[in-house]
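Below you'll find the structures, each written out as structure tokens.
In the two assemblies presented below, chain A is common to both, partnered first by chain B and then by chain C.
The block that comes next holds the complex of A and B.
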């Protein structure tokens, strides 16, 4: 058998490939324009925090700042004005405890749903899952009156309780699917090795779920951190106020602080959740992958 | 070290019966192999012994003690899974330690057991690796190590070698046998593979449809299959079967159908067969010898056949020919290319004939063989 390839015009094939590549510049231009539009708000944010209120009002909003120094004063004004220290502390408390408790309970539920045989398993699952299909605002009014009656309005406890509860269903969905993909042989081997149900959960199944656990934790943490509606209604006192709620002080006193201060406050307020993402990025991406190990 | 005894064991899934009343005695230190077609209940039976499935009915004894309601960790059984089921997030050492730490053994005892298993299985270089960093054969050895360190009374294997390539499988098979000899632990082993069954087993349990078809030593099962199913299932290529009638010709009991007549040795069959009975006879491929191509049997019937096609396997050649509509396979112990259409005389070894009652499917000698 010979290995020559007579009759195939390689030069023509190469040209054709190149031509099809060149047509891509159109798509590229479109992509650049679209990304530019998308980037404008971030640009606006980035330049505004370096302007004084005066500078901001005199020049075009998209013009470059004359220096970097004003950011410090902006930050100090924002911090003291909105009592951001307390707000950040409260939000961290709600975020870590709320998302943490929710994901832990969700993991337990997901384990049960994927591993333990009991009657009407699907019904239970749908019941939990139904928590995510109604608009959340629906819970607002009844919850307010209930909290008022029980006396946990404006308390840390009440907020953590609410956030934990509301954040359970979604991780259950994700973790149940993920755990279904972890081979049953592995738990059976552990059971024969003498592990109790809880040991199997903690030592065998959980360690293989870190990806989706951090991913859902991060998502729920960010949701809690950014929540304005529930924190406004259920915890409006300064001691229990969340950071997003705290930012609202700028609404009423617009005259005394310019948009540059408000934007600086917004940047400070969103920094922690961005940092969390950076820290857990690796696990997060892992959790987004479809299959188990 | 323990005997295992199954009494009327039944497993029901919903309304499906997976295991239909199994009785089996597995003596201490012996190696039992379950074989049978897919879905016949081998794994289910093994899993009931392991304590991974409830026993619907019947009694399971380990060393004379009823263990039906004992959780598997208290039964003193250890299992090697087909998928190995290693813990992916733990190193090899942690995999081996897991059960021992749960048992709260002291440090020195844990070290001793791990050291022993690691030495036997030559796992030293891999102790700090994760399972994903091991080859298939190495994972297999870790899975066995995990069973060994527990020092169980009974080893259970569910098709442990089926994920390995042929060469490694042969190697591990020998290793498993050597290990069992050395450790002297009662072993129950499930497989599809006839070679594994024949070479590993002290006795083979042939199952079909949730029942035991035959129990016996490999040689028993091969030489004296209790029924048509076992005859067809064990042996590769399968036994050649021909249906017909028992007739008497000149005072000699014979098997006969339209195309083929063969005398039945009276010392074996005179007492158990009567003329007119519908019977099926069987010849293993190696008992049909092409004339002048092997050791010719002392008593034989010759049939002339045109070879339809042949398979040269290197150390032997399989010849396919027809007697009327029935395809017959002959094993020629000489590797040589045989052209299609070549006509040969085939000598059917009369002394090695198997005779079954067509209606019941049972061997006519069935009271002389062990039937489960």
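The block that comes next holds the complex of A and C.
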């Protein structure tokens, strides 16, 4: 033991450690500089909402605000001019109902595609999944025409209906794969005892799928919340407008209101989805994982 | 399995166990199963086919008609709408900008995401930096567009920074000029989406086995060699998935262009998606708009097809 200790060159180890520490410092400095590209815009956003319009236009964009009070007035102006109350309510309605209905219907379809034996399953799966392979632009004109004809253009019902449809295919893919992996002996036992298929779905399969159901619900909810295209085309009246649409219209038509107010509106519009992300981070990451690979 | 004297016992056995009965039952069960499964799939099939598939089919049909806003679909136009695309001056510009988007959204997210992933591994406070870069991904593109609209303003942060570096006054109208508007919006797109690319690449990196890397190190390979000959090939499937995700997101982007391009006079030329919106919903040329949508669809399918071919090659290589 002592022999090997003698053979170690301590000076060299110290040197090596110092070199690696220096490299760490260098890397840290580089990382700080790189992350400034992300930090500075957020810093700019954070301080701008605390400035009055006059303060904003006179000072350097990165200067600290003189007080915190103006944010209240900015928020009130944004809230009333952009009709953000209605926007938030509409988006919450579209998000919860659209994503909720879609994931429930997708779970039903996934049950049929994974737990029941019949021929040409893949064909039926492809029929449902093919709803999501087209670019969104291909739906727009026919939907607009059809909605106008039926009279559901600019209605809550029309928006929930469309969002429910477009959010079905992806959860079907995820939930089908997941349900294929759940062991089948419980279903068989329940079937022997005369349980109906729907009972098996509701009592046995569904409780085992809460993880992927939550993950896909969150992904679809965020998609609906963030969507601008369909809400611009299918619901462009103030009463049915989604929050992102309200924000875009506000930025376009009220450019006479200062950037500080519009930026405050952007923060209000994003706050709910950021809060949801913070609260349910684990499920979001699960969702990112299933959608990325 | 006919029994013509050679093996009479087979038929006898089949008869004894009632084979035909079993098969009939089996078939009946399959049929019953199908209808049960169909009942479960029915809501999905109804919604998807009526609100997604039927519109796509109708869109393709429309692109061959002369339909406009206040006129019925009275006349069949053949390929006239597509011919019109060729002579429309905005279409050429929109197509050009869209192809820039395709190339940029292949190159930049991948190159920057990979560089960030490799560089940030092992840096002190690694997770903090990763989270900072990932945060914009949570925000809606509309909100990000609004934020960067003001960051790019003539007296905004970007110009102030350039002025600080050069020591003079810089007032470039990033979002007002033809030669800067597309690169500026692409930069915002990359700013927002590179976080996810980085996280996915990091996931791929952590799945690479350590053994071949250690073995190469012991044999005296430099870290550059290890990266090029071991890490990169093993990372290829991840890189492929990431590229396809960002290219599809990149050239169908609408929100950023709609918000950030609002002050640009030639907004309709920013991409095919924006051009289509202008033609269909502001000018009311629905048939012409459908033709543009079909072109976008063709581009999407070619990209998906190339991806499938590449995926197949990579899968074969990995085996």
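We adopt the following convention: the second predicted complex is superposed on the first by the 235 of 293 C-alpha atoms of A that agree within 3 Å, B and C clash if a C-alpha of one lies under 4 Å from a C-alpha of the other, contacts with A are read in each partner's own complex, and residues count from 1 in each chain.
One rule holds for everything that comes next: contacts are C-beta pairs under 8 Å (C-beta built on N, C-alpha and C of every residue); 3 or more make two chains touch, one makes a residue touch a chain.
Please read these numbers as outputs of a predicted model, since none were measured by experiment.
K.L.:
A:35 contacts which: chain B (first), chain C (second), both, neither?
P.N.:
In the superposition, A:35 contacts chain C only.
K.L.:
Does chain B (first) or chain C (second) touch A:61, or do both, or does neither?
P.N.:
Second partner only.
K.L.:
Should A:251 be classified as contacting the first partner (chain B), the second (chain C), both, or neither?
P.N.:
So A:251 only meets chain C here.
K.L.:
What is the contact status of A:177 with respect to chain B (first) and chain C (second): first, second, both, or neither?
P.N.:
neither
K.L.:
Chain B or chain C: which reaches more residues on chain A?
P.N.:
Touched residues of chain A are more numerous for C.
K.L.:
Figure out whether A:186 sits in contact with chain B (first) or chain C (second), or with both, or with neither.
P.N.:
Touch status of A:186: first partner only.
K.L.:
Output check: A:155 vs chain B and chain C. Expected answer is one of first, second, both, neither. What do you get?
P.N.:
neither
K.L.:
Taking the stated contact definition, name every residue in chain A that is touched by chain B in one complex and by chain C in the other, in rising order.
P.N.:
Common to the two interfaces on chain A: residues 293.
K.L.:
Using the touch rule from the top, collect the residues of chain A that touch chain B in their complex.
P.N.:
Touch list, chain A to chain B: 183, 185-186, 188-195, 199, 203-204, 207-208, 293.
K.L.:
What residues on chain C touch chain A, complex-wise?
P.N.:
It comes out as residues 30, 33-34, 36-41, 43-45, 47-56, 58-59, 62, 116, 119-120, 122-125, 129, 132-133, 135-136, 138-143, 146-151, 153, 155-157, 160, 191, 196, 199-200, 203, 238, 241-242, 245, 252, 254-255, 258-259, 262, 272-273, 276-277, 280-281, 286, 289-290, 292-294, 296-297, 300, 304.
K.L.:
In the complex, go through chain A and note every residue touching chain C.
P.N.:
Touching chain C from chain A are residues 24, 27-28, 30-31, 34-35, 37-42, 44-45, 48, 60-62, 105-106, 108-109, 111-113, 116-119, 124, 127-128, 130-146, 161-162, 164-166, 168-169, 172, 197, 201, 225-226, 228-229, 232-233, 244, 247-248, 251-252, 259, 262-263, 265-267, 269-270, 273-274, 277, 288-289, 292-293.
K.L.:
Quick one: which bits of chain B touch chain A in the complex? Just the residue numbers, please.
P.N.:
Spelled out, the residues of chain B in touch with chain A are 50-52, 71-73, 77-79, 81-83, 85-89, 98-99, 102-103, 132, 146, 150.
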